[in-house]
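Given below, in the form of structure tokens, are the structures.
In the two complexes below, chain A is the common chain; its partner is chain B in one and chain C in the other.
Presenting the complex of A and B:
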């Protein structure tokens, strides 16, 4: 209720009367201005049903471009969410912890009190880094030797999907006979966190099974520790009691293998569908690392992150209610033409992408990096820290580059099988967008 | 193992809520919700679903925990910026502004003021029927139901009678603009802006020469020496036009649909005793009301069915599901105007009746209980009984009908048949 006196009315540049409000809320734009802006920002170019359509699962970029260029802060009434799509908005909301929060996967499962997330414990970080560094190359060589002399190899299922999970089993030192079952359970647990009640039930079962599986293993490793991550967690000394199998499973759940899997698949998909870029990488091997960064930018496997408003907050000239779900779209932001030149092109020698692990708002050396939410927050530490291992962003990059380099060394020619028409695809809404079938012909050196 | 299989069979894929089948026939899903998921957390749509009769009733009664407003009423921001109607009282939620605004107009739609208005309602029905009584057949929606309530409400507001056809176009665009689709929103906002330009001079004129109409009252109303801002008045008019027009329009169509196709046998009872039109109205509001869902937000943690709904969670109350709850009504899926387990008379805001029977949930309960409940009932009964009395031997033109459905989720709107053709002896 505002008492409108003639003297209170001032006129904006477009001739619209702006009512000056007194007291609390004074100075905020009035209703007319909101509405004029809203007509300008009408969402007539998009319907929310499109955002859950099969076409969108297949290729999200056309719709995301509409959102980014026309509705940078889009109210999706259907999903009861807000979409943020421009690079600077996405990175700033991702860094803005006073106003927004990321919730744990255990929150999505409704088991917030299950176990402790040990991912920030230094011994755990060291064990993980050591494990990945030690096992990445031998594992890649082992895989590549299996591909040699065969007619065709599916790089998506036999290389990109296998490498990260087999690497994980080695980092954990899971006994050989248990690896297949562990991988199946781990995969089921990771896929269950989202909206599908059936997948979630299956994921809960997987969590129970994994916890039961790790209990005896943890006891064994406590008395006879090895160099693996399970042993490290078993012997971790924490203030609030000894570690349990639940802690281990919670740590595994909160972690992620999707960026390594999806990133590898997308990297090889892009290299094989852009042969001239592959030639470039072959001629100058240091570009392989840049190809990885460019893949994370051009076709990030983890399309978006969900944040929640901690309290009522004004942003984008709008009011975001407390608890609102904000979808930060990495896929849209990574193709933002305000940041990247010709963003839809895959170019391994791109000069406007950051060439190392980003920090803060996803930048380093004055350049923007491809956003990869799966790798957690950009690091706060130096690139080569003395008292802690490299960041997850760097570790993942090195594992991917090592594995891909082994492929390039082992095979002097890698090309798409004839008649293969690979595509990127998310299998379900909110899930990883990657290449699930990439048949290739490999010729040994 | 059996429990796990049951859980699988009764699991709900939340995408079912977006499917066209749900728009046409939501009742199987409602039953699954009530029986197996009385409190359903829909992660896909980021909301919680409540479907049993007494749970919906409880949420309506508990305005302290379930708020209609999305934003805090004590926040520092102007309301109405997210709504096609403009600032409207529903957005004020559980606040003093809401109580003040509501009390200012609520008295118009009940009691003596309503009784005094009934001759005009009768007259409007007569005028419309005079146009169609010679035709021998009529498409009821376009030629009668969409014309009738809007004329009544615009008359109450004191809007010029010669422009009533324009108002119909406006409110249809406004209602469609409540949906998800961008182009509908555009049309809704365009209609709203046209309507506001139209209202501006009219409001000035009523300020100078107040009449007995609602618009004059809104213009002159004061609380603590403050008047409503022009935007708030116009938002209120938009809400009244749409709420008073579209819902009653569809209620009349639904009543006739059920009498012609669901229970043609009971149409004879109603023809013999026109008083029973009141029962048809009540049972229609239970069986398949015009409005099936209401939205709320929790203001605090709420415990329900051994689970905790967090603070600031989106809640959807399916009153359409609560109305079919076996826990409240016998044979809930049968349309029966002689039902003895439903309160048949006038509704009230408390939802509690002296006869001890549960009422339908179609008007909501509590703070945001429909203001026009009495008027809607009177209008519907007058329209239906006049229609039945003045058109002889009414029968459906086509033996089959596709039934009642909700519009697609892209356009807002309420449940009704798309078309309803009648034949009668001219």
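Presenting the complex of A and C:
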């Protein structure tokens, strides 16, 4: 987020106040900045419209391969963006904070000054970690007991979508009667940040409703705190004033449950469509964790992340202008054959993927990890000091593995319902790529 | 919603709006498709409409929504801020430092390093190198040759053996104004001004077409880049010759009009250095690109609109001076150029919208020209309107006594340097056409129709592609 300092209003020729300028910005650049594309640099193998086509939303990998192999730094004139698609480029730009910034979801909503993002506060991190660790297993057992004895279960919605949302309500300790309404609002808020005006309107309404909902709850828990995230935020001591409901909603907005939801759905989609891999996992349970890593690599739910150049940067033999939008494609990078052997194959016993929480530059163990942007950066504390909880990578992994393990324990056979033809799909451009229908037959142990 | 289980069951419903593509229905001209409303009644704006066919043919009701409710619209689908009000557009055009011109759209690939891309003093001194050949006395001296080229094009009609271009039946001749006149006429003028040899002109026309179609960064981009490369190779030879032996332009009587533009550019210096061949080529591509399609569009739109407003066309027959007003009103009503991209050099706040430095801000000339804050009944074509300035074009624009200049040429430092010559081409060309065409009227059967199947198709965002005119022989 760029710091904006108020400065003089400059009046236009017609007396209209148009410009409030801040110190940032390099003024205009001139002659030497321009680089002409040459014939060899033309990008005729791809049309920008393809990148927002329904086929691409369904299966982005063929087009991303063209980009990665032919135009590793692709100028997309339609979306006014640059696509970066090779693994080493994506990870290095993602970690390059001096040159590129991530803009908050509140910026996309146009409400930059709404609330404070408290995700980096230590008590918040601890409360989140405690909540997830405490509730994951009992919740999974509860869900599994509901599935037992039924004809069929849609693992995409009833398990993968429901588990993270239920978990969130427990981490926040939302009163039982309010949970369904909270989840619906939370979902609307998360979906509204991009270009769709109807979704954005619904999302804005959700933000207002959530803020109003949390105001009394926050006050209640300030005086009578419980063992939950809302209580922790209510009693947080900050230098710039006590916490408000807006802070809580901003914190919820900036975080997300997408990777846990999409990752779980994709994990079970891949296991059910690759039964031999599921058998492997059953025979050697430790592979479940690896299956999670391999899922994030092979079919990452969050396809890409947007970064903006903080100033003019020279990269890829080009001058990237200040303010330029860079689309870092995790999906393309995760299938980079320079990094991963036979990248299109889903193999839970793969030896060339990092098998620990990726740290620092995604190279713990010296092996590359699948990029999962929904989890944010790999921890900035590679050694995980004692006074910090585990990173979001580890927390999400453990929740997903715990829940999936409960499923494996409860049901000795889990297979795709006959005639089911599940697919992965992003429902809108920039939304997560995941499975929305996964009918399965579960047989209790 | 009773439970979370109920809520998640709705997620499996894939009847939800599927994504970035939407087939917007075609609406009657002037009516916007309903994209939803905020609780307070404000219409919502779906940026997908900007890529739609509906928007191409019927853009103005959508621009009206933007002007009225989102004067600076943050379009997150195209990563663009659309600036749509007249005052904002003109203010930004004047502020060369705050809203600079680099880095441009895909034209940089094809056109190269042109004036469009420069700002400040770099822009000023290069622009003056060739701008001076297109104005004032230099322009006056060219008018006779513009008239001669127009007459030649019309004389050629007698020898055209193509039913689709010129046909005759029962004393009525039908001519396709684009194919028979407007497509090539401006390019011929450009070739003449540049002093290109006669034999290169068909190549030149091909290069021009390829470059224009390659501008969109699309699959024709490569063709555009190749054409640009061929043009550069060709110009290199010409420049090499003219650096030693400048060539001159002559009028009909053989009077020397001075050096052609290329010869002048060959001897021009910036910072004590001669211009490189690449720079000269880039300037030529710009003159060609800017001087071709735009003037073509102006002529086509002018005739399309005039012939649909017979009372105004009749008035022009009485008063020859009205051609100027008709030209300007055409550019206001249906400009061939949509607008110009700018990048803000600083973090700015415009119309309450915070725009981070370096963002792409599209100045929408189309919308500024239809801003009802400036022009009454903007959708009406009226050459007699009293709020449009149609006098001599000024770089500073014109806003006085309730009259404003249109935005089709822009204003400020980047005001189209070809504005005056294209004005001469369109107006002189039209006068000559008018003298030849007896009782002209649109051949209704051959023209594309609007969605009602009856009225003529609206002009929309791209100029009229072809105009079939009947006239009495």
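Simple rule for what comes next: the second predicted complex is superposed on the first by the 402 of 445 C-alpha atoms of A that agree within 3 Å, B and C clash if a C-alpha of one lies under 4 Å from a C-alpha of the other, contacts with A are read in each partner's own complex, and residues count from 1 in each chain.
Going forward, contacts are C-beta pairs under 8 Å (C-beta built on N, C-alpha and C of every residue); 3 or more make two chains touch, one makes a residue touch a chain.
Since we're looking at a predicted model, the values are computed, not measured.
Shared-chain residue A:126: touches no atom of chain B or chain C.
By the touch criterion stated above, A:179 is placed in contact with chain C alone, chain B being left untouched.
Of the two partner chains placed by the overlay, neither chain B nor chain C lies in contact with A:114.
In the superposed pair of complexes, A:158 makes contact with chain C only, with no contact to chain B. By the document's definition of touching, of the two partners only chain B reaches A:314; chain C does not.
In the superposition on chain A, contact is made by A:426 with chain C only, not with chain B.
In the superposition on chain A, contact is made by A:201 with both chain B and chain C.
Once the two complexes are laid over each other on the shared chain, residue contacts for A:79 go to chain B and to chain C alike.
Counting the residues of chain A touched by each of chain B and chain C gives the higher count for C. Common to the chain B and chain C contact sets on chain A are residues 2, 4, 19, 21, 24-25, 28-31, 34-35, 38-39, 42-44, 47-49, 52, 75, 77-81, 108, 194-198, 201, 319, 321-323, 325, 429.
Put simply, chain C touches chain A in their complex at residues 1-9, 11-12, 14, 16-21, 35-36, 38-39, 44-48, 51, 74-80, 87-88, 90-92, 94-98, 100-103, 105-106, 108-109, 112-113, 117-120, 122-123, 216-219, 221-222, 225-226, 229, 343-350, 353-354, 356-360, 399.
Per the touch definition, chain A reaches chain C in the complex via residues 2, 4, 10, 12-14, 16, 18-22, 24-31, 33-39, 41-44, 47-49, 52-54, 57, 75, 77-81, 103, 108, 110, 112, 154, 156-158, 161-162, 165-166, 169, 179-181, 183-184, 187, 194-198, 201, 205, 308-309, 319, 321-325, 425-429, 436-437. Residue ranges of chain A in contact with chain B, taken from their complex: 1-4, 19, 21, 24-25, 28-32, 34-35, 38-39, 42-49, 52, 75, 77-81, 108, 194-198, 201, 312, 314, 318-319, 321-323, 325, 429.
Of all residues in chain B, those touching chain A in their complex are 7-8, 11-15, 18, 42-47, 70-72, 75-78, 80-82, 86-87, 97, 180-183, 185-186, 189-190, 193, 223, 225-232, 297, 310-314, 409-410.
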